[in-house]
Amino acid sequence: MAMLPRLSALKAAGRRCFSCTTQVLSQETPVGFVGLGNMGGHMARNLLKKGYPVIAFDVSKDALSTLKNDGAVVAESPAEVAANVSRLVSMLPASAEVQEVYGGKKGILSTVKKGTLLLDSSTIDPSVSQQVAALAEKQGATFMDSPVSGGVNAARDGILTFMVGGPEASFAQAKALLDNMGKNVVYCGPVGTGQAAKICNNMLLAISMIGTSETMNLGIRLGLDPKLLAKILNMSSGRCWSSEVYNPVPGVVPGVPSSNDYKGGFGSALMAKDLGLAQNAATNTKSPTPLGSLAHQIYRTMCNQGYSGKDFSSAFLFLQEQDKKK
Amino acid sequence: MAMLPRLSALKAAGRRCFSCTTQVLSQETPVGFVGLGNMGGHMARNLLKKGYPVIAFDVSKDALSTLKNDGAVVAESPAEVAANVSRLVSMLPASAEVQEVYGGKKGILSTVKKGTLLLDSSTIDPSVSQQVAALAEKQGATFMDSPVSGGVNAARDGILTFMVGGPEASFAQAKALLDNMGKNVVYCGPVGTGQAAKICNNMLLAISMIGTSETMNLGIRLGLDPKLLAKILNMSSGRCWSSEVYNPVPGVVPGVPSSNDYKGGFGSALMAKDLGLAQNAATNTKSPTPLGSLAHQIYRTMCNQGYSGKDFSSAFLFLQEQDKKK
Amino acid sequence: MAMLPRLSALKAAGRRCFSCTTQVLSQETPVGFVGLGNMGGHMARNLLKKGYPVIAFDVSKDALSTLKNDGAVVAESPAEVAANVSRLVSMLPASAEVQEVYGGKKGILSTVKKGTLLLDSSTIDPSVSQQVAALAEKQGATFMDSPVSGGVNAARDGILTFMVGGPEASFAQAKALLDNMGKNVVYCGPVGTGQAAKICNNMLLAISMIGTSETMNLGIRLGLDPKLLAKILNMSSGRCWSSEVYNPVPGVVPGVPSSNDYKGGFGSALMAKDLGLAQNAATNTKSPTPLGSLAHQIYRTMCNQGYSGKDFSSAFLFLQEQDKKK
Amino acid sequence: MAMLPRLSALKAAGRRCFSCTTQVLSQETPVGFVGLGNMGGHMARNLLKKGYPVIAFDVSKDALSTLKNDGAVVAESPAEVAANVSRLVSMLPASAEVQEVYGGKKGILSTVKKGTLLLDSSTIDPSVSQQVAALAEKQGATFMDSPVSGGVNAARDGILTFMVGGPEASFAQAKALLDNMGKNVVYCGPVGTGQAAKICNNMLLAISMIGTSETMNLGIRLGLDPKLLAKILNMSSGRCWSSEVYNPVPGVVPGVPSSNDYKGGFGSALMAKDLGLAQNAATNTKSPTPLGSLAHQIYRTMCNQGYSGKDFSSAFLFLQEQDKKK
């Protein structure tokens, strides 16, 4: 694979760093980035802003050329990125893309160098993270799963939370890099546990959100004022993030999607996807998840009824509607 | 009805008060109390401690004689209590008992005086509160529902939360009395809304508790440490009272029932009862409550499987068990 | 209460019958009928066709005058009907109407004669049937619950199924009358068991219908032809009335509502009502009904989304819809 | 790979057959069989009884030597079986075993000959059937999924139902072989649709069985005789295979597992497995399956509570239990 323009200089910088210490890579060492979508684009830009040279790839030419304008070097495949870096971040839509980007013909693992640190921030099935980690290990590279919580705005502002799974010995190095894109970087345990933490949180979030929506709707129909009901819940044992910070009833909490026609935020289709991952994990481990399973079905049904693009707090709207004309 | 011993003195005191103002009843005016169970006994005792003369009734002779030793005057029926007071608190097990104690042959409404304030702290169907309130109104009395949150210990320590429904004009008078038994007295709206607030809170609590139990169990099976998982949830959007304050996994939060073999606390059978009330209210108002409904079924099933007397956080235990021998 | 025109003749006929035997009332004895809606109108007309004199009441003047044209004598209240007959059928929308029509000021029980047989074909809460039966017994009358299965067409064609609860000694007399309006009259046990049988059947029907809808939809998305899938289910253990006789997928079974844009049949709102009764009964008896409970919630949600008036097999349509625009 | 003893004679017979026609293989041509468990052992024995030479493999030496005594030739790996036959049946526990037996190092696809017909009767994820079919096609072999309904007794008696997916052109040849082990062989469509039909049927069966269990339990608690209730359901729209043929209440239908302490039949753990496959398929195709999903969770919970080995109709027992001591 041909050396990329400008890369020889970048790599020289990196090598100088290695001469000081093999443990910590300086800010001058190039970082690979694969997947420049709504989240990944912002994340890569934050690395550039902090002074890291970035070598990037995406299937979208537009996404690539935007990042080039921001200062990145662009590559023609994941393999080309991997060939030129010692650490790499990926941010991809789903398990299938991760399998292809790492294990495919022009994939990362076809060129990855020994000792490379691979950080995958995609939200995928933990068992796929484990499979890719095993393949990476055969090549002498270290794969860690590092999914995020926080949406597009948190990605832009560099305040994501990263949940990281993989060898504890590599965590310090991972954290040093991820700190540039987030405000919390939490070590969760062996590879796959970052994903596990992510899908556990989102499953409980979905349950709480639908539960809050049902409760607010029932209370309103029983004659309670929604703001008063929210206040009572929040001083009692029914309190949860969804009732307190992100209440699904319009007008109860200012500035959240429910008060803006359920625009922005975290779409119901994305929640349905994460709940599908939770259900796969539950089936694989024979863990009963009755409410998580029903929450999955409700978001699935909401998507069919036209709520895919609305924030997931629109569960309230879905449950509240009455005798719509058909 | 014969005047009770000692009552003429008590009533004289009350009358003196009335001569000052008809709005506020002094601490010397006797208070009626019907229902001296685990909760009611403590509540009546707190009134006595604060210096209120109490005229009490319960179907249990033991409960009555205990309270007599603490200084109460005992009556032989709810009717006799009502005949001798201008304000009264009831604390009964369920809707049927409230209907009987108020509307029965020797019930409160058979002797209640005009202007009497009736405060029912039982947790019952809001539509039953409304029926009894309508009957009371015909007699010129004011019925308010004032169910509590907080368990037996909160009743003993006088730190209950009261959720009060009824005419706003009577709230100040109700609050003056209830303040002696609780630390929060919240006005919720028209009669029945106290019950509505109570069952809404408990429905969301049940959903959150089962949701937290499922999530913790899934995370543990996926390899996460329970304390770490709780920490991650509590700093993220999955956070709820059940994950943070009352975590259902033994050892995560010290001092809660899950760390004491699920003893004490709020029994699963009581939660099943409250969820049944929520379901009735939801059916009456045609409100969809898919998760609340399933939570009801799960607590119902747990009761059948032997969890009636265990704290409701034992949902974790129920879901976690694996391949028990039969 | 004034004797109705033509009634003296009718009653004379009835009395002649009583002089022969008190057990069996001849076809000449007048029959009371209260509730002339979609179902009741047809049922009363079938009695008229079979030669029974009918004395009828309904709150709708139109319904009453239609039946008058068909040969009935009309009364001005349920009380007036009851005063003039020794057997009576009622067909009312819900528990509240039954309580009013029987126990209200001008209700049946205010004038009912000793020995009268009261047959209530409404679908209501079994515990309400039991309450009304107890009140009737005090007046020396016999109340039996006799809800029906089969819809408007079966009512018109006189081929309903009646499920009858009440004293076994009165069943022969009840059957003799109900046989004129149905083809199956089944004795179920003590009062309330007719309702119990009805709501049990409809709960299982709702579960099977949603289950069949989910299954057909899943199979179609997995590449199976719907007719072939129905055939396989119907020769296997998945077979049920909903898959075989009333398949919810358009085109699989000719002549059913699914093949006619879900028009006609048994509306989703009526199914939601019956499932609400089942849930009340389940809560009262502490019976876990997880799928029945979820089926209730699904029909409740379908009503909110505009399916109230569509046949209950439109559960397939509801589940099948994909990414509707909003 | 060395020729197996006796195989040269068998193969000569096969070759003679091929010289007549390449479409139909005579009864003298050897058939491969991999997987000799509870089901597969009986199936292979039925082929032997019908006069087919069988070359078999299983990981259990005992299973292999039993079949050897019955007349089979035994091989040392799936690869050795495949090397010596032109048609082969596999019957394996789950997706992972199918992937290993076909795609593993000594797997069928490592030696399979062009034109071989591979019939997999395991119940697995339809997408795995499609993956293996694609690999087989690359080698010039034809893979068809052909899962069965009917249990161990049906396997022994040769009266299974086979649901077959794959190229329609190969169905006649598949049917000719499967007819020796079953009484119904149904063509379902492209590869994977056999599995689809199987999991669809079992999902609807699980829903109907739990639904019937809930309904019978509710009816009994409401005062109905179980036999009478079953009779009413079976003449009404609630009728299903579970209510009619395999009623879960002891004593209603003689000779089924519920009347034999839930012994024999189809274990709850196997039902939970099939429901897990249905959920994976539903998630992959974004099909909402609310009741199927809850049925999965209920069987999962039943397994945890000790019902794994009981027939799946023990859902009635699970729901019926009341206030067990713990």
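For the reader, a short list of remarks on this structure follows.
Going by the order they are written in, the chains are A, B, C and D; count residues from 1 in each one.
Here is the rule we use: contacts are C-beta pairs under 8 Å (C-beta built on N, C-alpha and C of every residue); 3 or more make two chains touch, one makes a residue touch a chain.
If you want to know which protein each chain is, UniProt gives these names: A, B, C, D = 3-hydroxyisobutyrate dehydrogenase.
A quick note: this is a predicted structure, and the numbers were derived from the prediction, not measured.
Chain A and chain D touch with mostly matching residues; of the residue numbers seen at this interface, over half occur in both copies. Seen from the C-alpha centroid of chain C, the farthest chain centroid is that of A. In whole angstrom, the spacing between the mean C-alpha positions of chain A and chain C is 54.
Computed from the mean C-alpha positions, the centre of chain B lies at a distance of 39 Å from the centre of chain C.
Centre to centre, using the average C-alpha position, chain A and chain B are separated by 43 Å. The multi-chain contact residues of chain A, meaning those touching 2 or more other chains, are 286-290, 294, 298, 301, 303-304, 319, 322. Of all residues in chain D, only 272, 276, 279-280, 283, 286-290, 293-294, 296-298, 300-301, 303-304 touch chain A in the complex they form.
Across the complex, chain D is touched by residues 126, 149, 161, 163, 184, 186, 188-190, 192-193, 196-197, 200-205, 207-208, 210-212, 214-219, 221-225, 228-229, 232-233, 235-243, 245-246, 278, 281-282, 285-292, 294-295, 298, 319, 322 of chain C.
Contact residues of chain B toward chain D in the complex are 294, 301, 303-308, 310, 318-326.
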